[in-house]
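Structures are listed in the sections that come next.
Below, chain A partners chain B and then partners chain C, in two separate complexes.
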Partner chain A sequence: MTPKAETAHWVAASVALLIGLLLVAEAIVGPEVFRRRAWRAYLFPAIVVASSVGLWIIVVFSTFSTMHLLAHALWAQAALVAGAVELAVVRGKLKSPNWSLVPGFALLVSGLAFLVHEQNPWLYSRSAFLHHAIGWMLVVVALFPLGQALRPRQVVWRAGFAVTFVLLAILLFADRDAAPIFGRYGLGGGP
Partner chain B sequence: MRRRLVLVATAAVALAVPGTALAHVTLVDSEPVTQSRVDRPPTEVRLRFNEPVTITSNAVEVLAPNGTVLSGTARTEDDGRVVVAPVSRLRLGQGYTVRWRVIGEDGHSPAGVFTFGVGVNAPPPTEAVGASGTTWRDDVARWGLFAALALIIGPLTLRLLVLRGPVPGQLEHRFHLVSVIAAFLVIDVGIAAFVLRASNALQLPFVDLPYGDLQPFAEKTRFGIAFLVMTIGFGIVAALLLVGWVFDRLELRVPALLLSVALLSGLSLSGHQGTEPNASWISELADWLHLVAASVWVGGVASLAFLVWPLAPSLRRTAFVGFARIAVVLVAVMVLAGGYLALVRLPELSDLWETLYGQLLLMKVAVVGIALVWGAVHHFVVRPRLEAGEDPDVHPSLVGEAIVAFSVLLAAAILTNVAPPPVDVPPSTTARSTR
Partner chain C sequence: MNSEYATSIPREEAQEPAVRRSWRTLAIQLLGPLTIVAGIVWAVAQPYRIVLLDRAGQGIYDYLFQAPLLVVLVGIAFTFCIAPGLVEDLEAEELRDPEG
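Then we have the complex of A and B:
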C-alpha cells in the first residue's frame, strides 16, 4: 500500500520544478510583463495550495515512522498557509509587503524539519546528504523573501527565490533514500 | 579552485547516478501477519523489511499475555532483509505480542509492535503486552480534538444557518480566522492524539519514538483508519476555507461544513460504539448524532459569546434568537442519543455507581445538567426579552455557558477513553477485532 519513497520524492520534485520554472520565467521578464494576463499571477500560489493537498495524501503514507509523519504534516501545513497567503496577496486581500515573510517562514520551518528528521551526518548516505543539503538550502534561502519584503525592487531576491525551487527539484530528483552518497560507486557511503 | 570543481562535478555525477536502495526501512510483511489469527502455534516469527537491516540478538521478542518472552535469538536471512526469531511454548486460545527493533542502511533505528492470535482474534495493538493504556495526556488530546471540531462546526453553522445575510467585515474575518485555525488544530491535535495512543503501546523512550513504526496502528485499527481519513479530510476542509476566504466565496463553506460533519463519523466509528460487542449501526448513528449536536451547540455558544457579541452588536438579537431555535433541536438530539447510548452501554442501573464508566457518566451528566439549566435560562428568560426589544447584558452569562460547554467536552473526552463495563452478548453477535 505504501508507495516507494522515491516515487513520492520525484512527484514532489516535478511540482517543485514546475514552480521553479514559473518563477524563473517571472524573474526574467519581470512581474509587469508576466502578469499582463492576470491569471498568471495565480499560478504559483494555486499550485502550492494544490500541492499541499497532495502532501496530506503523503502524510497518511508516512506512518512508517513518527518522525516522517510529523515532518510531512508540517510541510503540508507550511505549503497550505504559504500558498493561501500568496493567493491573498495576489488577490489584493492582504496588502502589507510584510506578508511576503510568510513564504520565508514556511521555507525556514520546512528546512528545519528536513534537518531534524535526518539523524545521520552529511556523508553517511545519499539520503543523509540530500536531507542536509535541502534542509540548509531552505533555511538559507528563507532570507530571500525577507529581502523581498525589505528591498522589493531588487531582482536578486525574486531570482534567488525562483532558483531555490529549481535546486530543490534537482535535489529531490536525486533522492534515492538509502543509497550511498556516491551512488553505486560507494566512495563515501555508510556501512 | 580546480579541486573544488572536481568535488562539485563528482557530487553532481553522483546525484545523477541511480542508487540501489529504494526507501526508508519499513516492515513490509510478517509471518504471522500483523493482527492476524492463526490456527496453529507458529515455530518462528519472520519479519521482512524493504531493505537489508542490522540486528542484535534480541531484535525480535515474542511475548505471552503474562509478559513471558517466548522467542529465542534472532538471525537474518535473504541478505539481511528477513529477520527470523524461533518461538516455543505458544498455546492455542491466546494472543501474543511481537516487539521488534532493527537498524536500517540509512542508520535509522525503527522499532514496532504488533499482535497475533493463536486460535483467537488478535488483540488490538493498543492492548499489546506492556502497553500502558490511556493516560491524562490522551484525555487532554481528545478534549482538544473535540473542542477544535466544535470550533469549526459551530461557527460555520451559525454563519450559514442563522446569520445568512451580510455581516460586518470584522465579524466575517473572525469567522474565517476561527474556522481555519480550528481546522489546523483538528489535524495537529489529531496527530498528537494518534501518536500518543500508539506510543502507549510502543513503549519506546522519547528519543526513540520518532522512529517508532505506526503502521499497525494506522492500518489495522479503527482509530488509525479514522485518523488517516480525518487528516486528509480536514486538510481539504482547511484548503476550502482558505480559498473561500481569499476569493470571498461564502458558498465554499457549505462543502467544508458538510465534510466536517461527515468526518465526525470517524470518531464514532472508531470509539466504543464501533468496537463493543453489542455495537450496532443504530448505536453508531446515535453516537454520530450526539457528537454533531454537541459540536454545533458548543461551537455555536462560543461563537455567540466571543464573536457575535463583541464584534456585531446589531446582530446580537438575530443571532441569539436564531440560535435559540436551533438549540432546542440540538438539546433534544443530545439527550435522546446520549440516553440511548447510556442504555446500550450500561444495561444494569447499578453500573452507574459500581463501575468507573458509570461514575464518569454521572459526572458528565452533572456538568451537562448545569449547561442545560444555563441554556434554559437563556432560552426562557433572555430570549423573550431580546424579542421584546430589550437589550439585556447577557455577554458574561454567554461566556459562562461557553466555559461550561467546553467543560462538557472535557468530561466527554475522559469518558470516551474509558471502556464501558463488559456486557453479555448473544452468541450470534460477532466481536470486532480492531480498535
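Then we have the complex of A and C:
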C-alpha cells in the first residue's frame, strides 16, 4: 500500500522543519558551541544523508511518471552529495569555506528540477503553485551558501540558509493532493 | 561605650547572584515551544487536518502522519532532545567568556 503523495511531502516537511530548527539554533549559538557535542555536530549531515536514502526509496516507487522519477533522483543525489560534504566538514577533513558552494549548488539544482518538472502554470493547481514557489525559492536561496563561501564570518548567510529550511517546511506542509490553491480564500484551480 | 547604642555590625549575608539569561539562551529555549504552539494553532485553525476528528474514508497513513501533529512532534523533539544540552553548553561558554 503506497502512501499518498501529500503524506510523503508532509514527512519531508517535518524533516525540513527539524533541519531548520537545528540550523537556526546553530546560527544563534554559533558553530563552536553547537559542535561541542559530537552527536549534535553530526546530526544535520546525518539527517541530510538519511533524507537522501528516503528520496531514493521514493525514486523506486515513482514509476508513475518519468519526470517525477528523474526529479526525485536528482534531489536524492543532491542531498547525498551535500550531506557527504557536510559530514567531511564536521569531521575536519574539509576545511575551506569554499566547500559551502556544494550545498549551494545542490539547492540551485534542486530548485531548477522543481521548475523544470512542473509543466503547468503557477495557478493551475496547488501542487503546481507550490512547485513554482519552492523552485524559485531554492534558486534564490542558493545565494546564501555562496555568501557563506565568500564571507564565512557573516552570520546573515548562516541564518538565511537556516530559515530556508523552515520556509521549505511551510511550503511542503501546505501540499494537498486535492485542494483549491489558497483554500477557502479563492483561486480554485484543480485538482 | 554604651552597648545600647553601639550595636554589632550586621553580617552581610551572601546573596545568590541574580541569574540573567542571555537573549541567545532564551531564543534557544523558545524555539521548540513556539513550534509546538504553531502546530496547535494550525490544528485549531484547520481541525479537518486531524484525522481523529474526521475519520470518514481515512487510511493507515492518514492516522500515522497528520500534518499539525507532525509539527508538534518536531517541536517536542527539539525541546526535549536538542535544547537542554545546547542551553547548558551556551551557559558554560558565557560563564567562561562573559563578553562574548
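Keep this in mind: the second predicted complex is superposed on the first by the 182 of 191 C-alpha atoms of A that agree within 3 Å, B and C clash if a C-alpha of one lies under 4 Å from a C-alpha of the other, contacts with A are read in each partner's own complex, and residues count from 1 in each chain.
Simple rule for what comes next: a contact is a pair of C-beta atoms (placed from the backbone, for glycine too) under 8 Å apart; a residue touches a chain by one contact, two chains touch by 3 or more.
It should be emphasised that the depicted structure is a prediction, and the values quoted were computed from it without experimental measurement.
Visitor: Determine, for the superposed arrangement built on chain A, whether chain B and chain C clash or fit.
Guide: On the shared chain A, the partners fit.
Visitor: Should A:A88 be classified as contacting the first partner (chain B), the second (chain C), both, or neither?
Guide: The answer is first: A:A88 touches chain B but not chain C.
Visitor: Applying the document's definition of touch, where does A:T66 land relative to chain B and chain C: first, second, both, or neither?
Guide: A:T66 sits against chain B, while chain C stays out of touch.
Visitor: Quick one: classify A:V156 as touching chain B (first), chain C (second), both or neither.
Guide: Neither: A:V156 stays clear of chain B and chain C.
Visitor: Mind telling me which of the two, chain B or chain C, contacts the most residues of chain A?
Guide: The larger set of chain A residues in touch belongs to B.
Visitor: In the overlay, answer first, second, both or neither for which of chain B and chain C A:R36 touches.
Guide: second
Visitor: Between chain B and chain C, what is the shortest CA distance in the superposition, whole Å?
Guide: Superposed model gives a least chain B-chain C C-alpha distance of 6 Å.
Visitor: Can you list the residues of chain A that touch chain B in one structure and chain C in the other?
Guide: Chain A residues touching both partners: 1, 4.
Visitor: Would you mind writing out the residues of chain A in touch with chain C in their complex?
Guide: By the definition above, chain A touches chain C via 1, 3-4, 7, 10-11, 13-14, 17-18, 21-22, 24-25, 28-29, 32-34, 36-37, 40, 173.
Visitor: In the complex, go through chain C and note every residue touching chain A.
Guide: These residues of chain C touch chain A: 24, 27-28, 31-32, 35, 59-62, 65, 67, 70-71, 73-74, 77-78, 82-83, 85-86, 89-90, 93.
Visitor: What residues on chain A touch chain B, complex-wise?
Guide: Going through chain A, the ones touching chain B are 1-2, 4-6, 49, 52-53, 56-57, 59-60, 63-70, 73, 76-77, 80, 84, 87-88, 91, 93, 117, 119-120, 124-128, 130, 170-171, 174, 176-185, 187, 190-191.
Visitor: Residues of chain B touching chain A in their complex?
Guide: 10, 14-27, 51, 54, 104-108, 110, 184, 187-188, 191, 195, 198-199, 209-215, 217-219, 224, 228, 231-232, 235-236, 238-239, 242-243, 245-247
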